[in-house]
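Note that the chains are named A, B, C and D in the order they appear, and that numbering of residues resets to 1 at the start of each chain.
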Amino acid sequence: MSGETILGRRPVEILARAALRAATALVLAYIAMPLALVVWLSFMAGEIMVVPPEGYSLRWYGVAWNQDQLRSGFVTSLWVAAVATTLGLLVTVPASFALARGRFPGREAVLQLLMSPLIVPGIVIGASIYVFLVQVEIETGLPLAGSAWGIVVAHLLLTVPWCVRLVTANLVGVNRSVEEAALSLGASPLVTALTVTLPMIWPGLVAAAVFGFVVSFGNIEVSLFLVAPGQTTLPIAILQYLQWKIDPTIAAVSVAQIVLIGAALVATSRITNLGKVV
Amino acid sequence: MSGETILGRRPVEILARAALRAATALVLAYIAMPLALVVWLSFMAGEIMVVPPEGYSLRWYGVAWNQDQLRSGFVTSLWVAAVATTLGLLVTVPASFALARGRFPGREAVLQLLMSPLIVPGIVIGASIYVFLVQVEIETGLPLAGSAWGIVVAHLLLTVPWCVRLVTANLVGVNRSVEEAALSLGASPLVTALTVTLPMIWPGLVAAAVFGFVVSFGNIEVSLFLVAPGQTTLPIAILQYLQWKIDPTIAAVSVAQIVLIGAALVATSRITNLGKVV
Amino acid sequence: MAGIRIESLAKRYNAVSAVDGVTLDVRDGEFLVLLGPSGCGKTTTLRMIAGFVAPSEGCVRIGARDVTHEPPYRRNIGLVFQNYALFPHLTVEENVAFGLRRRRVGEAAIRTRVATALSRVKLDGFGGRYPRAMSGGQQQRVAIARAIVIEPDVLLLDEPLSNLDAQLRHDVRGELRRLQTELGITTIMVTHDQDEAMSVADRLAVMEKGQVRQVGTPSEIYRRPADRFVASFVGRANFYAGRAERGIFVTASGLRLPVADLAEGADTLMIRPEAVGLRPAGADGLAATVETATYLGAGWELELRLAGGERLSVVAPDAGEHWRQGQILTAHVAPTAGVGMRTGS
Amino acid sequence: MAGIRIESLAKRYNAVSAVDGVTLDVRDGEFLVLLGPSGCGKTTTLRMIAGFVAPSEGCVRIGARDVTHEPPYRRNIGLVFQNYALFPHLTVEENVAFGLRRRRVGEAAIRTRVATALSRVKLDGFGGRYPRAMSGGQQQRVAIARAIVIEPDVLLLDEPLSNLDAQLRHDVRGELRRLQTELGITTIMVTHDQDEAMSVADRLAVMEKGQVRQVGTPSEIYRRPADRFVASFVGRANFYAGRAERGIFVTASGLRLPVADLAEGADTLMIRPEAVGLRPAGADGLAATVETATYLGAGWELELRLAGGERLSVVAPDAGEHWRQGQILTAHVAPTAGVGMRTGS
């Protein structure tokens, strides 16, 4: 049970622990499988993915790089995710202060509301926003429905609830007496928030930003109805490519994406224990 | 700042607080918008969704009910999510014990690995598994690639990491001395786990089950390449419907799904504070 | 510097009174301790003085100023918390400078005043450290420096020693008292520890259930407690029901004890355990049997049973005897040892 | 019932020794207390006896059985934790019955034994409650009942009173001692509180830095501590460097103090603060000036400065005097008050 507790040495006890370790290894292998599989596929030489592979090569990375659709999808996704995350955090922080510090009726209900992106099907959110933007476009003449700004508006619905939840949780964890000390020393609530509270929770802010970015970058459902030619996100470009042809190109793109996001996560985990914060 | 702290009464201070409240209300309204929009759309009488609507009716709920594709998609999704969640929890609980209680090199790396469903694009996971299943099918003759079991295998990749994270986090939160008390009273590690630890963390187990179910039920990316005619999940049936026609039918289906999942979440939050556990 | 005047201060949460009409006058430069068990309202009272809790009734005056409706950041108070509440992301120097920066003091003046404050709490040379790199005692001294550097009108201390271990608690309370005397700053401290309260206070206010039971100097409170609660909270005490008869207290079982300065109408006699003398069996006094005897190093704790059936707790210095259960001896209660009180119940 | 024998027990984490060669013999039915500051290794020692920490070296014997490699669930020990560690999802009755069920005791016998155990800790009628509906003191009594109901060979207590408030701590320690005497069960308790240790122990083992410094009865430890660490951990003490000269201890500044039973070679004199008598200035003894005087109700705490410049802490019962800073008086140190020791450093 514990790493320290003295363990029984009867044969049946030793056997039971071995079985537990084997089961655990199996579960972990299963979780690691997709990662390993994608990396493996990306290095297969042949056009048709077979086991055992015909050979290994780096050619699909070159092919991927030369696909304009994938390249521009990557740039669009990067831009959308960055804008949606930044805007998300900007509106989120004050709202989180109100939620974490305020005492008002329905506070619990509001926190439940933050689960809503989980329960409304993403594809329907996307379609609804599309319908809504078309209406606005008809009324005002602004070309929203086909622009990347439409995608940003939709992706804010992904980033904002995550950010509010993370930042609120971090604010709740701040020792109130530290803020009270600042107030007693003459800092107004605004000055206290800026000079004391935010510096104390910045690992949480970083985690919220990274998490929002990753969720936005990888989303396919919400974007599906909002993309337009030349304004396609990477996951949708991948989808479109796969519907046309299944070859290791996409595996190569995925590995690139995995390395990018993986690096961001590792960098973040130096600042904060993401596993704990999220 | 605090709900209790005496607040400044200078005009600028009162104004600042009003602005903060307004911003918060706006953020909350934005988060609640998709929910409200979908419900609103589902009751619009006309075939074309316009603002203001032509009128209100319940007819789309009837239309949705009569769509065989949506009905069977609903059943498939329910079945897949239930099986993936149950199997997921069964393999997850022992693995979580090993992760939470064991002390072995690379433990931190393993916990990072649980983030992998976030970083490998879901669409690529689905496509990879499809390729893999086709291979297995060619080798063994088992009709895996077109069956719902293929979807379950893929969805386990969604539910297992969530379950491991939630159950592990809950196990880490258990006061070790309670388990030690059981050991000192003569309970073996297995008996301690079954009679003391699991009963103590059962809100966490319920949360893991609900969360896994919701994630599996709503997933579109991983399933995309694994569905076959007659074995389509609800989100993909919705996607296919929307590609053919955009009318309030899908809003009605979404409202049904929202009510179902919302009810599950509310029921769970009576047992456990989901917002805190997740 | 200024005195503090609290008038009929009350705080109610729904129907429950946390503080129920507290009136106190703290003189300029005085060290007052609010003493009481947890939940007695002492911390809520302190937080109303600081401005973190809005009173339901009453008012708070600091010097001539009515601050009842002022936010905490306009009260000019120094506050020290049980958990230190240092800013973890700032160095010691920046922690102490925080209040001066808010007051827009010039950089040169800040440097001088921070250095002076740190040297007052004997932390010269620690300015560049971060709080997490310091011991609990050092952190609490930083917190004290941060509170006094702004030259506050009053200093409020909320269980400042509770997180320190026994030896450190003893040292820091001495330093705290010395510092307060040097600065002459009006101070209110909250604590549940009677030793701590007695050792630093000019005056104590003993609280129970949201009300002040007694205000007075440590020796007034210990020697002439107003009621049973105060008597047993500021030390251990034996109580006997009975009546006063011209300088003699007659207990319910008929025991007659001469008591100096006994008010007519007293219905309870209080005797401190350490005020009882122990003599050999047969000597002048009350015959008693030892029920339990506990050796505590510096002394003994005895539970005696008197002839009339009453129990008497005694704390005696260790004079080399070895007391044993069942031993018979004489307990001597001097006329000055007993205090008569009216329980009113 | 059985004695416990620990031989050269050691626990190292990487290069650091948490416990460094502890040998102890606990007699059948004895109440032994492991006393020491936090980090001294007392809890690790207890956890090795319980089986929750595997020793790096040495062995643990309970009665005739070598249990060094036995898992905790085959040691037949009763364990009580600081945080009670009750099973929150079970009623009090089910908590107490847990160990009996693991031993496959019949339902009828379980009912009887649970009822007996609950009545031993004065919790008759509480069987149907859940732990969360009980006070801290009651929860700790349930934990004690749960530990003793299995009739363990030994009872291990890990700071069992630390989570209770002062008054309750005083009561529960009395009950614990009574129960242990009644049951005659071999008991080891870990604590950092000297009062607690002295009041319940048959013998104390004082630990520091992973080693046992001294083992003995409370009065042996208090009156004849083996070294400076023990002397100052089990009470307060004044220390003077110097040398022994035929029954007289000569301090570094030349002060000559007669000491009964002074070993040749002693280089440090220890005087307990409460062993010093205070007399008017000019009386026989050491002339001294009051540096600080603190009134604590039951007595006074004085810091004196002697003629030779030495400082002397004194704790004196309150005899009505009011001591003041600067006052001159005489400190009387009886020959039996001083203890000579060899610091070896």
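One rule holds for everything that comes next: a residue touches a chain if its C-beta (ideal position, glycine included) is under 8 Å from a C-beta of that chain, and two chains touch if they have at least 3 such contacts.
Molecules present, by chain and UniProt name: A, B = ABC transporter permease; C, D = ABC transporter ATP-binding protein.
The model shown is predicted, which means the values in this text are computed figures rather than measured ones.
**Q** Any chance you could name the chains that touch chain B (ABC transporter permease) and chain D both?
**A** A, C
**Q** Could you tell me which two chains share the largest number of C-beta contact pairs?
**A** Result: the chain pair A-B has the most contacts.
**Q** What's the distance between the Cα centroids of chain C and chain D, rounded to whole Å?
**A** Centres of chain C and chain D (C-alpha means) sit 27 Å apart.
**Q** Quick check: how many Å separate the C-alpha centres of chain A (ABC transporter permease) and chain C?
**A** The answer is 54 Å.
**Q** Just how far, in Å, is the C-alpha centre of chain C from the one of chain B (ABC transporter permease)?
**A** Each chain's C-alpha centroid was found; their separation is 55 Å.
**Q** Which residues does chain D have that touch at least 2 chains other than itself?
**A** 51-52, 71-74, in rising order.
**Q** Could you tell me which residues belong to chain B (ABC transporter permease) and also touch two or more other chains?
**A** In chain B (ABC transporter permease), 2, 4-5, 7-8, 180, 183, 188-189 touch at least two other chains.
**Q** Report the topology of the inter-chain touch graph, choosing from line, ring, star, complete and other.
**A** Chain contacts: complete, every pair touches.
**Q** Report the residues of chain A (ABC transporter permease) in contact with chain D in the complex, numbered from low to high.
**A** For chain A (ABC transporter permease) paired with chain D, touching residues are 2, 4-9.
**Q** Going by the contact rule at the top, pick out the chain D residues touching chain C in the complex.
**A** 165, 174, 194-195, 198-199, 218-219, 222, 234-235, 272, 274, 292, 294-299, 301, 315, 317-318, 320, 322, 336
**Q** Which bits of chain D are touching chain A (ABC transporter permease) when the two form their complex?
**A** So the residues of chain D touching chain A (ABC transporter permease) come out as 51-54, 69-74.
**Q** Which part of chain D faces chain B (ABC transporter permease) closely enough to touch in the complex?
**A** 50-52, 71-79, 81, 83, 85-89, 98-99, 102-103, 143, 146-147, 150
**Q** Mind listing the chain A (ABC transporter permease) positions that touch chain B (ABC transporter permease) in their complex?
**A** So the residues of chain A (ABC transporter permease) in touch with chain B (ABC transporter permease) come to 1-5, 7-8, 13, 16, 20-21, 23-24, 26-28, 30-35, 37-38, 41, 49-51, 91-92, 94-95, 97-99, 101-103, 110-125, 127-132, 135, 156-157, 160-161, 164-165, 176, 179-180, 183, 188-190, 192-193, 214-215, 218, 220-221, 224-225, 235, 238-239, 242, 246, 250-251, 254, 257-258, 261-262, 265-266, 269, 274-275.
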